[in-house]
Structures are given as structure tokens and as C-alpha cells.
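Structures follow.
What follows is a pair of complexes built around chain A, which joins chain B in one and chain C in the other.
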Partner chain A sequence: MVRQSLSRIWSRYWGIFLLVGLWQLFVSVNNLNTIVAPSPQAVVLSLLNNADYFAAEALRTTLTASGGLALGLLLGFVIACLSWTAPSLSGVLTPMALLIRSIPIVAFVPIIVRVAGYGTHTVLIVTTFLSFFPCYVFALSGFQEVAQVRKDFCCSLGCSTSGFRGWRFFRHVAMPSAVPNILTALRLLAPTALLVALVAEFLIGTDGLGYVMIRARSDMEMDKSWAAALLASALSVLFFVIFSYLDKKYRNNWQA
Partner chain B sequence: MYVGTCPVNFISEALKWVVGLGMLFVLWEVAGQQSWLGKALPPLSSIVSYAMEPRSYELLMRSASITASNALYGFLIGSIVGWAIACSGQIWPPMKKGLDTLSTFVNAIPLIALGPLLIVTVGEQSTPMATAALAVFFTVFVAVLGGFERVPSVHDDVIRTYGVTRWRALCFIEFPNALPSLIDGLKLGASSAVLGAILGEWFGAPAGLGVLIVSAMQNFQINLLWSAAFLGTAMSGIGFFVLALLQQKLLPRLGW
Partner chain C sequence: MMSNLHDVIRLEGFLSRQEVCMEAGNQSTSDIVLEGVRKRFELAKGQVIDAVEHVDLNIAGGEFIALIGPSGCGKSTLLRMVAGLETPSHGQIKIAGQTPNECIKQQKLGIAMQEHGLMPWLSAWDNIALPFRLAGLPVDIDRVHELLALVGLDEFANALPKQLSGGMKQRVSIARALALEPQVLILDEPFGALDAVTRRLMNNELQRIWSRKPTTTILVTHSVEEAVFLADRVCLMSPRPGRLALVEPITLERPRSLETMQTAEFRNLLAKLTAALDEVCMSAPAQ
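On to the complex of A and B.
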């Protein structure tokens, strides 16, 4: 029993063990001191010793990232609803959304910082801005991908399937059929939202994990800087796992 | 919604794009002239005229060529690594699960958190290349794996009946089947590579668009900031375009 589960863990996670092993080896073979590259224990110790501090900063980053994600989702959803009723709006917005999707968003974080000023609200704006367009595109394509059979059915019952008069069709058929699309958008966006929040904190330099990373580095506290990086990675993995789980769990309930 | 390929549809589609982008540009120009968002959003015309000045033009081009070469090398390394990991999982199945977990984990680590690590391991000079490679490898890995899964089950049966070795199955059946999906992944990877290179240049690289962006942000050189960000965008756009062209021209010749 124990051996079985051990071997299962090994077959799934050997890559990660290998990574940690290589890290330890790299540090001890080159005999590096903590200022250059801290060892795994040093990083974990620093994480444990400053647990309160790291927890507060991690919470702050998580809240801004998920707040931005939620705001972007809400905005994207509402505007997608409006676009569905007024197709000319989608004609104008879709090219913009596609264009912005192909932009290396990180290159534009400094610009948004410049426009919005230095502070936590800017981190929120950046993540909202990032998540808005993908949410909009995914939600709108979900609304439009309603199965033809359902459309025909509603038509035969005398229910309008487009424009303002079709709101009942929208409410009961189009909206639910967009749920899987929105879940996919969230799964794809969650780690990116965290990355962008970290980047913004890194550049703005007031608070959050991204700021801890750069601050500790300039103070030569490498173990602290790496601990923040490790924590950020763990958070990102957690985000990814949570949203993948939600996607897997609810996708089938709403499949169009 | 593409209903056939009638020219009227195409023209109306193109018109939507022109109107959408035109409105964006006009809005921008007006917002810049009236300075609605303060000095940080200059009118489009002033950005263009700044970028065309000989001195700034030279600076921008020099930085852009450095970033382009970083992104290109990173793109090549990343796609080869992603492809190799996907293939080795296919050749030796016991490794597959661990490789999946490892890749997901490495992908979930925010690139910015890897900065401190990469400076120590590969040096400041090659950090942009490494971040670009890291940004690319996962999309390629996922795309190739997705391609492997799309091998028709008939082919699988043939492989099994004839007792074809894994290596040959990979070369003759699985890899050719995964080609369209690989090119899709590369297309997405093009913009990630530019993003990775720009991000990597923030960690003390001597020159490049990323360096330019950060220093322009800190010194309030708004025109320079915008031009550099636009150049980065153009670069990823060109990469995407070239690969899309390749996809259109090359794949039909290979029977796709």
C-alpha cells in the first residue's frame, strides 16, 4: 500500500525532485555562499522564519491578482452581453481585442504604470486590463456558438433569438452555453494574471511579493528574494490547479 | 461567423476592422492632443515623429535588433526543448507523467520569479534568451502533445499489429500527425518569445528593448517608452505573421 503510493508519487513528481536535487547540487558543488545563490534549506528556513511577513505580502498579491481577474471578467462579460445585442459594437471591439491579444502585454505594463501612477490601484488596473479582452472574446464566442437545434427550437416557439427582444433566449440558452468558454478563459488567465500582478509590483515597488523579490535582492538578502520567488511560483501553481479543477468539474454540467 | 467565402462578407469584415482600428487611432490622437490622461498618453503623431528622428531611430533599431536576436534564439531553443520533452515522453512512457508535471510546474512559475535564479546560473547577458526559451517551451510542448493525441486510432491499431518500435512510430506516424498542431504552438510561441526576451532584459542586461522600456519609464521619456513598446509589439506581430504564412504555404504541400 505504502510502496504503491510512494511509487505513484515518484512517477508523477520525479521531475520536481530532480529540480530540487540539481539546485542543491549546484549550490554545494560550486560552494556558493548565500549572497550568490542560497541553498534549498536556506530558502525554506527564511520562508518559515518570516512566515507572517510573507503571508501578508502573498495575500496582498493574491487579492490584487484575483480582484483584477474578477473585475476583468465582469467587464468582459457585460460588454460581451452588450455586443451580443448590438452586433455593430462587436464589429468595433473584436479587432481591438484580437490586436491587444497579440501584444506582449508585459511591454505595456510600464506605460500603464506611467498613465495610472504608482500604487496598488495600478496593479489592479493592469490585471483588469489584461483579463478584460480574453474574457470578452471567450464569452462572446460562447454566446454565438449556441447549437443550431436550440436556436431552431426557440424560433419555432416564437422566441426571438437576437437583439433586445431575444433577451429570454439570451438568458436561458445563450448565457449558459457560454459557461464552459468562460471557465477555459479563467483557467488560461489565472497564472498570467498573477504574473502580470507580480510584474507590476516589481516595477512599481510599493508592496506585494514582486516588490519583496526586488527589495530583498537589492538588500543582498538572496534567501529572502528566492523565498518570495518560490512562494510566487507556488501561488501560481495553486491558481492553475484550482481553475483547472473548476474547469474540469463544471464543464460537463454546462456543455452546450 | 463565416458563411461561405462570398466577397461581400469579406468586404464587410474588412470594413469592420478598418472602422474599429480607425476609431481607436482617432480616439487616441484626440485624447493625446487634449491630454485627457495627462502627459503619459501623447498623441499618436508625436510618437511616430519622435521615432522617426535620426537619433532615436538609431537607438530604437539597435535595441530592437538585440531583443530580436534574443527572442529568436530563445524561440529556437525553447521550441526544440519543448518538442524534445514531448517526444521523449512518447518514446519512454514511464517518464511521461513526471515530465507533464515538471513542465506544468515550470510553466506556472512566473518568469519574473526566475530572474534572480537565471542571473546566477546563465549570467545577465543570456538571461533574456533563457526567459524567452522558457516562455516558448511550454506552448510548444502542449501543442506537440495535443498533436500526438490526435493520431487516428486506425493508425494506432496498425502500429500495434505490426509491432512497430516506438521510435519508428514516432518518426513516421505520430510526429507527422502532430505537425499542424506544432505550427499552431509555434505561432503562439512567437509573441511569448518577444515577451520573455523583454522581461529577461529587465534583470541587468546591457541593452535591448526591455532596458529601454524600463529606463524610459523611470526617466519619464514617454515618447521613447511608447515607441519601444510598439516595436516590441510589431516584432511579435511579424513573428506571428511569418509563421501563419508558413502554415498556409507549407502545410498543404505536406498533405494537410
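On to the complex of A and C.
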């Protein structure tokens, strides 16, 4: 049983083990200093020795990222609702969403800092802002993609399917129709939100894994910096896995 | 005769005056009048297509009309106009003296289309309750249960559409169309996707449902057999121009059963209509 699961893990993740092995080999053979490149051993030791510290910082980053994602989703959803009722609003917001998506976060952060200052709240603002537009676009297109047969059916009951008077249609048909879209948005955005939170912490934060990375580096504690990076990658994968699972689980019920 | 009876009853004081008026009105509430109805679609700039070209038809309240015709002759378009989903380019449609749009505002219409259009995230029960919610009415729980039983799906109340077979989905769709007790029922090939045997069963069921409460019904179908089995009158539509080529009254006794389908009368009607349909298809200009 144990051997079976061990061999399963091996067959699935042998690439990662190989990478770690190569990393150790590279560091040992070249006899590199920890400041240039810490060995995997040093990184793991650093993680274990400062477990509490890393756990607290990782939690902080997770909270900022998911908080930003949640706020962005909420905001995107609410504004998509408004856009659905008043299509002229979407004419303004949709191009803006595309534009903002194409600005690199590194160029974007300094502007926000000017307005909001340094600190966790700014990281939260950045994450929220960057999650907002994709959520908005996905939700709105979900609302608008109700199949014609379903619309016809609602029309045949004298139920308006657009504008303010169509709120019943919106509540019972358009909004539930958008659920798969929103799940997709979350799945795609979750790792991105984490990345954005990390970068923002890295650039302007006062705590969190991103901050640990840069702080440890300037203190020449490379093992600590790498440990933070490793933890961040693990978190990112975890985010993706969780939201993919949710997506798969609930999307099923939306197939006719 | 009817009005005499009413007079008597009124004199006897059994019915208030208002109720008598309502009763008298009810006799004509569900008749449909189509007058010179046309529909022209614009495909591209300057390119138009006449999907329906001049249709005149009077449908009595409680009558079952079957509409047959080759593919693309404008059956769905005609139906959509009656259902207020499309406006005629010319002519007018009156349902009990009202326009289709006025009618749907009062939830007098129920439709079920070839694509069932059920909400995949709602159970069968909730799908049938949806018309109440969309119309802003309190959900009549008894009525929903009754409808589920009517279409023989009481055991599947909590099943999602994906857990139902094609025929079951169509039954839910028909139950949903009946939810608000419409006076006019519009069915566009509801059984199109079913195999012949299931289809016959569904026809039987539809007849049973209809005879419980005769509702003015227009059914579009590709099966002449289905049309003859169910209808009071079969209307044959010809393509380009989309017109009524033939209106055939079906006087077969009700209730009709599998035995009815074996009778000579049924077969004659079937043969006659099939021949007419063939002729209409042949004489149509090549597309």
C-alpha cells in the first residue's frame, strides 16, 4: 500500500525530484557559496527552523491574495450587473478592462503607491484592482450568453429579458447562467492574484512572502529568500488546484 | 342555446351579472385569428427572404392544430409570430381579440420548442416552478406537483435535466409550458429528437394531457402520423411562398388510440396528407 503510493508519487513527480537533485549537484560540484546559490538542504533547513515565521508570512500573503480576489470578484460582479442593466456602461468599461489588463503590474504599482502609500492595504488595493476587470468581463459575458431558446421561453411569459424591467429574468436565468464563467475566471485568476500580491509585496509591502524575499536578500540570507520563493510557488500551485477542483465540481451541474 | 341557458341562470340569480359576462367572454378567449400574415427577413443589405407569405387562418378556442410542411417553409416563423417572439411584416394576429404581445403579458401563452431550453442548474421541480417566478407570482406548489404527476415524472422531482432522458426532458418542458394554465399552447416539434416508439408514447400522453383541459394548441411537426393522430385540423404549409397549401379537418373520434391508427380512415388521411406533402416538396423551386 505504502509502496504503491510511493511509486505513484514517484511516477508523477519524478521531474521535481530530478530538478532538486540537479540543483544539489550543481551547488556541490561548483562548491558555491550560500550567498550565490543556497543548496536545497539549506533552503529546507531554513524553512523548518523558521517554520512559525514562514507560516505567518505565508498566511498573510494568502489572505491578501484571496481577499483581493474576493473583493475584485464582488466589485466585478456588481458592476457587471449594472452594465447588464445599462448597456451604455459596458461600452465604457469593457475597453477599459482590456486596456488595464495590458499594463504591466510593475508600471502600475508606483501609481497606486502615490495615491495610497506603502503597506498591506496598498497590496490589497492592487490585487483587487487587477482581479476586478477579468471578473467583470467574465461575469458580464456570462450574463449576456443566455441561449436564445431560454430567452424566448422567458419572453413568452411576458418577462422582459433586458434592462431594469428584466430583473426577474436576470435573477432567475442570466445570473445563474454566468456561474460557469465566474468559476473559470476564478480558476484563471487565483494564481494570478497570488502572483500580483507577491509582486506588490516585493515592491511596496511591509510584510508577506514577497517582502520576506526581498528583505532576506538584502540581508544576504539567501537560504531564507529562496525558501520564501519556494513556499510562494507551492502556494500558487495550491491555489490553482483548489479552484480547478471547485470549477470541475460545480461546472458539471451547468451542462444540459 | 348557451346564452339562453345563461339567461335562465341569471334570472334564477345563480350567477352574478359579472360572472355571466366572464363566462360569455371565455368562450372566445382562446381563439386565434391570422389575417394576411407575412414575414420578411432581411439577410444582408438588399437581400430579403419571405419566410411566411400571406397566411389566413381562424383557429377556434380549444382546437388542436397541427402544422406540417417541408423544412424551411416558415412553420417556426409563423409560430414565433403567434407567440409574440417575432412581429409580422404585414397582416395581423389576434388571440382572443388581443395582440400576441398583450397576451404574453397576461401569461396566456405556453411554449415548448424543439430544443427544450430547460435550465440545467434547476431540478425538474424548479424548472416547472420557474414560470411562476419569472412572472412574479407565488409558486403554486400543488400545481407543480400536479404537473409533474401529469407528465409521469413525480419520482424525478429532484433530478437535474442532465439526469433525465431526452423524452423526460421534453415532458418537463411541456409541463413547464402548462404551468401557468395558458389558454394557448404552442409546441414546435417538441418530440423531434425522439425515436419512433417513444414518440408514439409521448403523442398518447400529449393527447391525454390535452383532453383533460382542451387548450387551443398549435403543434409543428415533421411527422404526418403525429399530426393526424393529435389534431382537429392539419395545416400543410408550402415553401416559397410560405403559404397554407391545404387545411384538412381530422374527424377521427376521440380519444384516439393505437387502434385508431389501424383504421382505414386514419390510413386514408395519412396517405392523402403524405401525398400532398410530397407534392408540395416536389413543386417547390430548387433552393
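Following the convention adopted for this analysis, the second predicted complex is superposed on the first by the 242 of 256 C-alpha atoms of A that agree within 3 Å, B and C clash if a C-alpha of one lies under 4 Å from a C-alpha of the other, contacts with A are read in each partner's own complex, and residues count from 1 in each chain.
Just so we're on the same page, a contact is a pair of C-beta atoms (placed from the backbone, for glycine too) under 8 Å apart; a residue touches a chain by one contact, two chains touch by 3 or more.
If you're wondering where the values come from, they're calculated on a predicted model, not measured in any experiment.
Q: Let's test your reading of the overlay: on chain A, do chain B and chain C clash or fit side by side?
A: In the arrangement built by aligning on chain A, the partners chain C and chain B fit side by side.
Q: Look at A:25 in the shared chain and tell me whether it touches chain B only, chain C only, both, or neither; answer first, second, both or neither.
A: neither
Q: Based on the superposed arrangement, let me know which partner A:35 touches: chain B (first), chain C (second), both, or neither?
A: neither
Q: Looking at A:169 after the superposition, I want to know if it touches chain B, chain C, both of them or none. Which is it: first, second, both, neither?
A: In the superposition, A:169 touches chain C alone.
Q: Check the contacts made with chain A and report whether chain B or chain C touches more of its residues.
A: Per-residue touch count on chain A favours B.
Q: Which partner does A:155 reach: the first (chain B), the second (chain C), both, or neither?
A: second
Q: Would you sort A:110 into first (chain B), second (chain C), both or neither based on which partner it touches?
A: Once the two structures are laid over each other on A, A:110 reaches chain B alone.
Q: Look at A:253 in the shared chain and tell me whether it touches chain B only, chain C only, both, or neither; answer first, second, both or neither.
A: A:253 contacts chain C only, not chain B.
Q: Determine, under the contact definition given at the top, whether A:9 touches first (chain B), second (chain C), both, or neither.
A: Neither partner.
Q: Enter the shortest inter-chain Cα distance between chain B and chain C once the structures share a common frame, rounded to whole Å.
A: Minimum C-alpha separation, chain B to chain C: 8 Å.
Q: Flag every residue of chain A that touches chain C in the complex, lowest number first.
A: Residues 147, 149-150, 152-159, 168-169, 172-173, 176, 179, 252-256.
Q: Which of the residues in chain B end up touching chain A in this complex?
A: Those in contact with chain A are residues 1, 16-17, 19-21, 23-24, 37-38, 40-41, 94, 97-99, 101-105, 107-117, 120-121, 191, 194-195, 198-199, 202, 209-210, 213-214, 216-217, 220, 222, 225-226, 228-229, 232-233, 236-237, 240.
Q: Which of the residues in chain C come into contact with chain A in the complex?
A: Those residues of chain C that touch chain A are 80, 83-85, 104-107, 109-111, 113, 115-122, 130-131, 133-136, 160-162, 176, 180, 186.
Q: Can you tell me which positions in chain A touch chain B when the two form their complex?
A: Contacts found on chain A: 11-16, 18-19, 26, 32, 36-37, 91-96, 99, 102-108, 110-111, 113-115, 144, 191, 194-195, 198-199, 202-203, 210, 213, 217, 222, 225-226, 228-230, 232-233, 236-237, 239-240.
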